[in-house]
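First the structure, in the form of structure tokens, and then the observations on it.
A, B, C, D, E and F are the chain letters, set down in written order, and residue numbers restart from 1 in every chain.
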Amino acid sequence: MITLQQITRELKEYDGREIKIMEVCGTHTSSIFKNGIRSLISPKIKLISGPGCPVCVTPSVYVDKLVDISLKENHCVLTFGDMMKVKGNEHSLTEAAAIGGKVKVVYSPLDAVKIATEDANTQYVFAAVGFETTTPIYGILIDEIIKKQISNLKILTSLKTITPALTYICENEKNIDAFIAPGHVSVIIGCDAYKELAEKYHKPFVVAGFEGEHILAAVYEIFLQLKENKACMKNMYISAVSDKGNMQALSVINQYFEPKDDFWRGIGVIEKSSLRLKPEYFQYDAGSDFDEYKESPPKGCKCKEVILGRISPAECPLFAKQCTPLSAVGPCMVSAEGACGIWYKNRGRE
Amino acid sequence: MITLQQITRELKEYDGREIKIMEVCGTHTSSIFKNGIRSLISPKIKLISGPGCPVCVTPSVYVDKLVDISLKENHCVLTFGDMMKVKGNEHSLTEAAAIGGKVKVVYSPLDAVKIATEDANTQYVFAAVGFETTTPIYGILIDEIIKKQISNLKILTSLKTITPALTYICENEKNIDAFIAPGHVSVIIGCDAYKELAEKYHKPFVVAGFEGEHILAAVYEIFLQLKENKACMKNMYISAVSDKGNMQALSVINQYFEPKDDFWRGIGVIEKSSLRLKPEYFQYDAGSDFDEYKESPPKGCKCKEVILGRISPAECPLFAKQCTPLSAVGPCMVSAEGACGIWYKNRGRE
Amino acid sequence: MKIDISYGSGGKQTSNLINDIFLKNFDNEVLNRLEDAAVLDIKGRIAYTTDSFVVTPMFFKGGNIGKLAICGTVNDLSMMGAEPRYLTAGFIIEAGADSEVIEQIAHTMKIAAEEAGVKIVAGDTKVIEGNGNVYINTSGVGEILKEGISIQNCREQDVILLSGNLGEHHAAIMSERMGIENNIASDCAPLFSIVSDLLENKINIRCMRDVTRGGLATVLNEVSESSKCRVEIEEPSLPVSDEVKGFCNILGLDPLYMANEGKMIAVVPPEQAEKALEIMRNNHYGANAAIIGRITKGTGVSMTTVLGGNRMVDILYGEGLPRIC
Amino acid sequence: MKIDISYGSGGKQTSNLINDIFLKNFDNEVLNRLEDAAVLDIKGRIAYTTDSFVVTPMFFKGGNIGKLAICGTVNDLSMMGAEPRYLTAGFIIEAGADSEVIEQIAHTMKIAAEEAGVKIVAGDTKVIEGNGNVYINTSGVGEILKEGISIQNCREQDVILLSGNLGEHHAAIMSERMGIENNIASDCAPLFSIVSDLLENKINIRCMRDVTRGGLATVLNEVSESSKCRVEIEEPSLPVSDEVKGFCNILGLDPLYMANEGKMIAVVPPEQAEKALEIMRNNHYGANAAIIGRITKGTGVSMTTVLGGNRMVDILYGEGLPRIC
Amino acid sequence: MCVAVPGKIVEINGSTAKVDVMNNTCDVNIKLVQAKIGDYVLIHAGCAIDVLSKDSAEEILWMFKELEEEVHDNSSADH
Amino acid sequence: MCVAVPGKIVEINGSTAKVDVMNNTCDVNIKLVQAKIGDYVLIHAGCAIDVLSKDSAEEILWMFKELEEEVHDNSSADH
């Protein structure tokens, strides 16, 4: 059996052509930082953070709408903690709370049921962001709302799907050599989803878990495939990820949601890249259809280039100057899973 | 011209039969205490505090209703500061505020207009207590509500009139020798109101202002009348009080209010002793008609005897024992103009 | 800029708030070290006190909550015959507060601390949910110049001096709240200079107390209770400005129960009363000082009224009007 | 009994509250005199600090806000090499609070103060509008046992000790809030006995700091900045209980940024590191103490990860989750 | 509860007047009285309820004169 | 954002289960999985999204074995 030491030695000593590997999922980005993975591999192997941080890709008009709702009389926004700091065009939810908006951080969408039941005089809106991992849970939430006839709870959705985004990148960004496919999204959608992509675009797709060992193994697998000029889908998170995914969860998604075109902050509109409530459930939607995305990217912000792996955050001229976590120019600096923010927190490492 | 010194010497030296003078108005009660009037006159001249403290005579069900309103979702009670501490059957408004009730202290009923206009989502209820002095101001308030079409402001009334109460006392309490008539109620109703009473019951009625000198002069006037066995109405507050009163104010009262029987805490029901909104204005009333007054006077409380001048507060067995301003058994201990409370604060004077 | 809840996290935003506002204004070598605790250079016996400040509105004629927070603690130290030396300042800030407002409060504190001769050597900042209110706790230590000054010390025949007009802080605050226009300014002031004048002139002070929440009535009842004596005062000698009298008439307030923030009583032996009065009057903050009464045998506080009557002056029950200091 | 706004008036109700709850529990001859300021019996150089406590919920496994208020201030004094002696306590109570709850908090403070060997010698009580929350400010003074302990003092090669497991206070609070059941109790504890053990054994402590709001990451960054050095730590040596690890996994928390209320770091010369570790481990509150890293040349805080990688440990930005101390 | 205080009207705007009470100015509703600038009015709960015809000092003098007369009448009746 | 954590089901009440994560017990919705007491599930945002087939240590061993084989295959292909 190969050892971790052998893997890291080989990855560290690599001195061939530059390899660009995109980890799509924000949780991978975060784990790479926390485990100091970059320090364990050759600088010739670049790990690039893709568009899999939902906070980073959520359009600012969506945040604006949440802010507006929070400030309405007798309204309250329920959200995961991650969304609190993201700026809309004017305010973040944290700032909205400071000027009188009502915002409550919850751990699970299902907590909303209890909260709304206990306070019938407030109209609650859940900030339903996320990828396929989280969408079935919103499905269960709608289920509960219907069954329990809860009239003061709706969701405002910004739900992305990962395959259209991957297709977009494969089509448009030729410089990415391989992908670490998201672990928990794959639990739901299954790893078959990447087989076609791997074949069509001739890029390795490795499904990985979130321990440092998982990530190093995935990088090594990619390293091996590239060395052999292979381009396979490889599932290295077999404890959780199956070929077809979680059929039960997928059927909940299909029951309540349908695909729609959607806007990705920093990227633009990607076809059929989101899930919206089906028309028959519109009464549970707090207005998730945005006519236009007034998204002029913040002046000077190179988020798009960062997310697509064209530059590293440090190459953005604003990085650590005008743009810091406390005065973030782009969303990638503010999210806990954003590439620029993680880069910033790791500055000064020799 | 007679001097203050002469008056006080004569009043101090008096040693004839005991004289009982009732000051009807709570503001007189308070001024008598603040000026130390009792220390300036003979103990044979007893000054008795009548039922003219609106806080003392307001039934506890009225306070209960205010407390209930304050605790209702999106409701807020507006009140003068004086009402805050008075107990209903369970809570005072101060206590209601501590358990989440919304209560706001205002200086004038007319402040309510601005408050209600600025916050259309809250239903405001003004605690309209008082005597004839204050009733015309509630009339002006209703006028404003109508003109400005304010839909979130009503009044809950407990408005007393003084002459029925005086008639009741004259009929039932033979031991009162004379009355100091209220100064500011008389500004509105005029001093003619007391002529008939003075004659019918053969008791001096002196209308007095609120300075210490006013009160001493009134006591002296009564002293002179009793000495001569006279029983006249005498107006000693001529700067403000006329024979017929303030006709403009009286017409406002008549426009909006009509007399009704009413319950006086400590006394019972007195015929036609209150003013209620006329039926055509019921939409501005927050439910001032109380079917029944569940008023069992607090156990052991001698409020009735105190208010009617049968005993002094110190003669109540609970006084300064179970009953103190912080653990008041009866309302007379809690109000700033209540006889027992004032007596309590003056305890220890030799 | 609005303070939001993240300014209380203890992380970067908290430290920015501390650097940009508090360190900038309170600037001194002890505080700047940002240790867990300040190390003080102090000699002799020490007086030590604390107070929290929660006034609404936070800004008013004659000062703001920051000035109160300095003067209140400085005065409590002074009343024990101590020279105020070092303060701590703990800020509890409700989300929604403007950083500009906090800056203004801190700046006022800086100026007040300079006048009072004290340094703010330790601080703390927390952010809670709310509507932008700011609450300040200060504690203070001082060097005792004269031992034995105590509220338990008053003796029969001693004379009670009051350093100036009653009710001005209370009236200033309530005027803002009730929208009544006048020129009444809070009397908020540091009183150590009066104390130091009295001590330098060898006045054998029995007891001092600043007249704050609860007013003169409360302070005199505390004297009566702690020294086990009767306090007798004369209503005509109580200094109250006409403007404050008018204000009290409008709202039905009694100056005896109204808060000051720059007034004190001093109880002195009868033979030194006139001299003490003169010293007080010569001090900028004691111009309207008066002899208001004396200590006798018995209990409670009694007052001879303007009309020559007599009545008791009890402490305050319940709360007349919303809190003002 | 619910506290209403009249309990903050400064009148009879305020004094009843003070007598019935605070004087009863904090009972000592200095406080009982109820002077404007306490007069202290203290010698030598003095350490002085303050903190406010605003934790939600107020009661949690392992303690309550009152215990925090005592330990927090006692620990800040201890970290300067001082023996904690006297505290002040300022209560800001929101209307609606139960007097029974306040009594319970005061009683806990009494017990914690006894354990820590401090007396509460001055206090203050204010009542504000609100929903029954209680906020406490404490300040403290202590006698410095060893001079020169300072966050600016760390030198290259010095070794960093941590007195025990990370994150337990934070996890205990968050467990209550999130309804997660476990046996994690707040580590809230007075640390003076560890300090005193180290000093008695002649450990030449460069710097100490209690690990509170902002967590170990924040404290180490403060060390780096104040001592102008790099701090290097080893992830595998950081003591974290499995239960806390599991808890962190559930909520996505990082023990490096989590608050403790009974943990400290001590920076000592390399040759005394092992001895210091042994002393810590022999103390009841230091059983899980560990050497976690050292001081080197440079800036910032870097960490060798479990996998042998290396990364920087920055301070906290914004606010991960609602405040917990 | 029927506390009232005298003040001098210094300005009138429709049914509201600015009234001066020993240098304290407040807004007072004057719908219940016929008042002009310079008048002294009695203010209760934010409303003028009366125009005063004398000032307090004058009134107190008048009272003592009245009482003097009554005493005089009485004592002469005694004889 | 797609953070998830494995935990062991210790109790089931209808569609809710008590799940143990290193001695931390929390309530988890299990509508998206077929799970029984004793199963290890992956918990995301209060929901079990998967029943785990291996434990983490096992999986990591398996990965290293797989990689060993691949390296082996590759190097043999080299020859």
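Just so we're on the same page, contacts are C-beta pairs under 8 Å (C-beta built on N, C-alpha and C of every residue); 3 or more make two chains touch, one makes a residue touch a chain.
Everything quoted here is computed from the prediction, not taken from an experiment.
> Hey, which pair has more contacts between C-betas, D-F or B-E?
The comparison resolves to B-E.
> Taking mean CA positions as centres, which chain lies farthest from chain F?
So the chain farthest away from chain F turns out to be E.
> So, what's the distance in Å between the C-alpha centres of chain C and chain B?
37
> When the centre of a chain is set as the mean of its C-alpha atoms, what distance in Å lies between chain A and chain E?
Each chain reduced to its C-alpha mean, chain A and chain E end up 76 Å apart.
> Find the geometric centre of each of chain B and chain D from their Cα atoms only, then give the gap between the two centres in Å, rounded to an integer.
Each chain's C-alpha centroid was found; their separation is 56 Å.
> Counting only residues that touch at least 2 other chains, which ones in chain F make the list?
In chain F, residues 3 touch at least two other chains, as defined above.
> Residues of chain C touching 2+ other chains?
Touching at least two other chains: 5-6, 12-13, 178, 317-320, 322.
> So which stretches of chain A touch two or more other chains?
As it turns out, chain A has residues touching two or more other chains at 4, 85, 94, 107, 213, 325-326.
> What chain pairs are in touch here?
Once each pair is checked, the touching ones are A-B, A-C, A-D, A-F, B-C, B-D, B-E, C-D, C-E, D-F.
> For a test of understanding, state which residues of chain D touch chain B in their complex under the given definition.
Those in contact with chain B are residues 2-6, 12-13, 16, 95-96, 129, 131.
> Along chain C, where are the residues that touch chain E in the complex?
Per the stated touch rule, the residues are 175, 178-184, 242-243, 245-247, 249-250, 252.
> Please give the residue numbers of chain F that touch chain A in the complex, ascending.
Where chain F meets chain A, its residues are 1-4, 29, 31-34, 42, 44-47, 49-50, 52-56, 58-68, 70-71, 74, 77.
> Given the complex with chain B, which residues does chain C contribute to the contact?
178, 251, 254, 299-300, 302-312, 314, 317-322
> Would you tell me which residues of chain B are touching chain D in their complex?
Checking each residue of chain B against chain D gives 85, 94-95, 97-100, 325-326.
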